[in-house]
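Each chain carries a letter (A, B and C) given by its place in the written order, and its residues are counted from 1.
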Amino acid sequence: MLEISKLVKRYGRDEPVLKELDLRVEGSSVVAIVGASGAGKSTMLRCINRLVEPTSGSIRLNGTELVTLKGAALRRARRKIGMVFQGFNLIDRLTVMENVLAGRLGYVNLYQAIARRYPREDIERAFSLMERVGIAHYANKRADALSGGERQRVGVVRALMQEPAVLLADEPTASLDPRTSEQIMILLQSLASELSLPVLINIHNVAQARTYTERIVGLRHGKMIFDGTPGEFTRDALDAIYGGIESPDEEPTASSAHSSVRASRGVPHDPA
Amino acid sequence: MVDHAGALADRVWQRYDRRERLTRYAVLLVTLMVVVWAVRDIDIFWPWVWDAPNQISSLGARMWPPDPRGLGQILNAMVETVHIATLATLLTIFVALPVSYIAAQNTTPNRACLWLGRFILVSSRSVNTIIWALLFVAIFGPGVLAGILAIMFRSIGFIGKLMGEAIEEIDRHPVEAMEATGASKLKVIAYAVVPQVMPAFFAIVILRWDINIRESTVLGLVGAGGIGVLLQGAIDTFAWPTVATILIAIVALVLLGEAITSLLRRKVM
Amino acid sequence: MTRHKREEIAPRTWRKPPFIANPWLRYGLWLVLVVYLVWAFGSLPFNWARIGEGLPRAARIFGGGFPPSFERGALMLTGFKESFQIAILATLLGVMLSIPFAVMAARNVAPLPVYLFGRAVIIISRSFHPVIVAILFVAAVGFGPLAGILTLTLYSIGFVGKLLAEEIEEIDWGQVEAMRATGAGYLATLFYAVFPQILPRQIGLSMYQLDSNLRASAVVGIVGAGGIGGTLMNAFGRYDYDFAFAILLIIIAVILVSEGISGWVRKKIW
């Protein structure tokens, strides 16, 4: 369970980017975090794994307080938090397999890491996960030889290799074309239920948020102003979050209407 | 129509406007003044200048034909020269890499380390190889150790500076991703930094080896080993034809070095 | 599930594909490296007795060298002034002469025999370390700054000439064709179509070469070609390590300042 209380982040003497944020995510659920640019979505997510240092507040993951950790303890905590990035953040010159195995860096020792001699179970898990998302045949290909959607799948596998207690996705589909981004959202949704994993997804596309997640949290100027099911996410809620700032992508595409039917049947979408 | 032509006739095309012209004249004037001062003040006996072409060609005549005796000795010295350059370049890598790491703004642990790294690199680069050689000959005596150390100390600055710049130019995203997995600093470097700077590393080391071959040829002139020792000996005894042979050997070595480095560069890139 | 079964059959393994695929080549290279190191270290003559004296000597030298002595400042100033003069005149001459040689060494504007000659001159100018060239010029024209100027002029021609020749080979040919189409002769085409394209780079190269020559002028003096190098050599020879250290510090300072200025100027004109 992830519990955020009174989280504040302020840069210097400016207006705080996050204002006393409270959020509680239990069990395996897919939570979408929506909001305009600058609302604090990315900052909040990065505070959880301390890529950004919170100014004050508390973040507890399964009982452990994350905000005060340092050094080795922080690294141990981070390995339980998987992150998927908007820019994929892969190591381009290394192979897909090395990128995936890098998810175990928090668990292996320095020699194993440098010599690429990972334990057998890790290799087996890597192959299984890669097959599950459909990239196993790329194992020894350079990461930058893959397409955008494939690269994001590598990023997802890397995060899952950590055997995380929570998965954070920072606008995972923003750099992908509409069809590929649907595939990734479907993937995240099905993985969440298969692995009983809580997943937090920063997302711009409100239609996808409604379709693939079970709970929507809306941020505006660092404050949470909406927390409810997709069904409760009305036009008013949308305006409250985005009103006067920008208009999000909210036109559902034809394929998303399709996939929402398939997803509700619980059949994993076969990635192309 | 006629008025129009009259107006046209008044227009003059000038390449630079007034301000640009003044600046250009000022710069030109200053340059001229400096040059005139240099020419007038310099300690040169001008009659010798006019005689110079004569002297040069007379020297050239004394060097012809090149003397092939002692070729075996010369070749040995060439091999020694290559050894000095190669060993020194290899040893430099071990020192230059950590220094470049702490001298790069995005990987240095703290400001003190940054300044230390930069200081080491700047001192190394500002002192010419030959001057390092002088110093080491004074300390360790004439011989190849002084030469190897001289090349090393100069190369640390070269390789360190360029590697430091390569490190500063890496994409930060993979670094962020590795930190997010809970990897320690060393593992982050091994996975996020090293693969990104590998191509630059090879290019820089190969380039420096090529330069070091050239530098090693002259170390012997101050006693630090290599072909330079033979060259100095030949010059001191006015054995000009032998000098010519040595010079030809040096050109051959440099050209060979260039050929090898372009081959290596193509293979590795 | 199939996953479970597969684990029972044979767990999959993976090793990182090596940088060099062919194992013979890979291990062969390691072998060559080891053999070379053993051979090189073995065949190099090390005078261990003398080297052993090194550390106490180093202590004496650094002890004697510290603090640096600026007493003979006038001597230093003369030396630096001379180095400076050598650098300026050599850069001027070198840059001016490099233009015709660069034109000769550019395949697209020079006929083949001329091209070969130009290339040869530039290659020879680059093959020799300036110190060697300095020694030869000293033998020819005597000690003093004349030898230094001749040396660095040749050095500049080699460096600037090569880069300039490459610049010329990469110009936009369309401009040359346009000039030819107007019926312009060879020289006019050169001045109107070629030079304007290479001029900005030429100025940058000249500044870089001035900086380079300033560094090199400190060094050619070591073999008698004038400048602060000679002063340094004398200091070392007389064991005046504190004076030598002072000279060294100023050399470093001058190089840093010159690098800074040259970088600033190049940014301004780019």
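Keep in mind that, in the parts below, a residue touches a chain if its C-beta (ideal position, glycine included) is under 8 Å from a C-beta of that chain, and two chains touch if they have at least 3 such contacts.
Because the structure is predicted, anything quoted here is derived from the model rather than measured.
K.L.:
What chain pair has the highest count of contacting C-beta pairs?
P.N.:
By number of C-beta pairs in contact, the leading chain pair is B-C.
K.L.:
By mean C-alpha coordinates, which chain is most distant from chain C?
P.N.:
Following the centroid criterion, the farthest chain would be A.
K.L.:
Hey, how far is the Cα centre of chain A from the one of chain C, in Å?
P.N.:
Once rounded, the distance between the two centres reads 52 Å.
K.L.:
If you average the CA atoms of chain A and of chain B, how far apart do the two points sit, in angstrom?
P.N.:
Their C-alpha centroids are separated by 49 Å.
K.L.:
Please compute the C-alpha centroid of chain B, do the same for chain C, then give the distance between them in whole Å.
P.N.:
About 4 Å, centre to centre.
K.L.:
For chain A, write out the residues touching at least two other chains, lowest number first.
P.N.:
Each of 98 in chain A touches at least two other chains.
K.L.:
So in the complex, which bits of chain B are touching chain A?
P.N.:
173-174, 176-184, 186-188, 190-192, 195-196, 198
K.L.:
Under the touch definition given earlier, write down the residues of chain C that touch chain B in their complex.
P.N.:
Residues 36-37, 40-41, 43-47, 50-51, 53-54, 57-58, 61, 81-82, 84-86, 88-89, 92, 123-124, 127-129, 131-132, 135-137, 139-142, 144-146, 149-150, 215, 218-219, 222-223, 226, 232-233, 236, 248, 251-252, 255-256 of chain C touch chain B in their complex.
K.L.:
Help me check something: in the complex, which residues belonging to chain A touch chain B?
P.N.:
Touching chain B from chain A are residues 49, 51, 72, 74-81, 83, 85, 87, 89-94, 98, 102-106, 110, 113-114, 155, 158, 162.
K.L.:
Spell out the part of chain B that touches chain C in their complex, as residue ranges.
P.N.:
Spelled out, the residues of chain B in touch with chain C are 34-35, 38-39, 41-45, 48-49, 51-52, 55-56, 58-59, 79-80, 83-84, 86-87, 122-123, 126-128, 130-131, 134-135, 138-141, 143-145, 214-215, 217-218, 221-222, 225, 231, 235, 243, 247, 250-251, 254-255.
K.L.:
Show which residues of chain A lie in contact with chain C when the two form their complex.
P.N.:
95, 97-98, 116, 118, 120-121, 123-124, 126-128, 139-140
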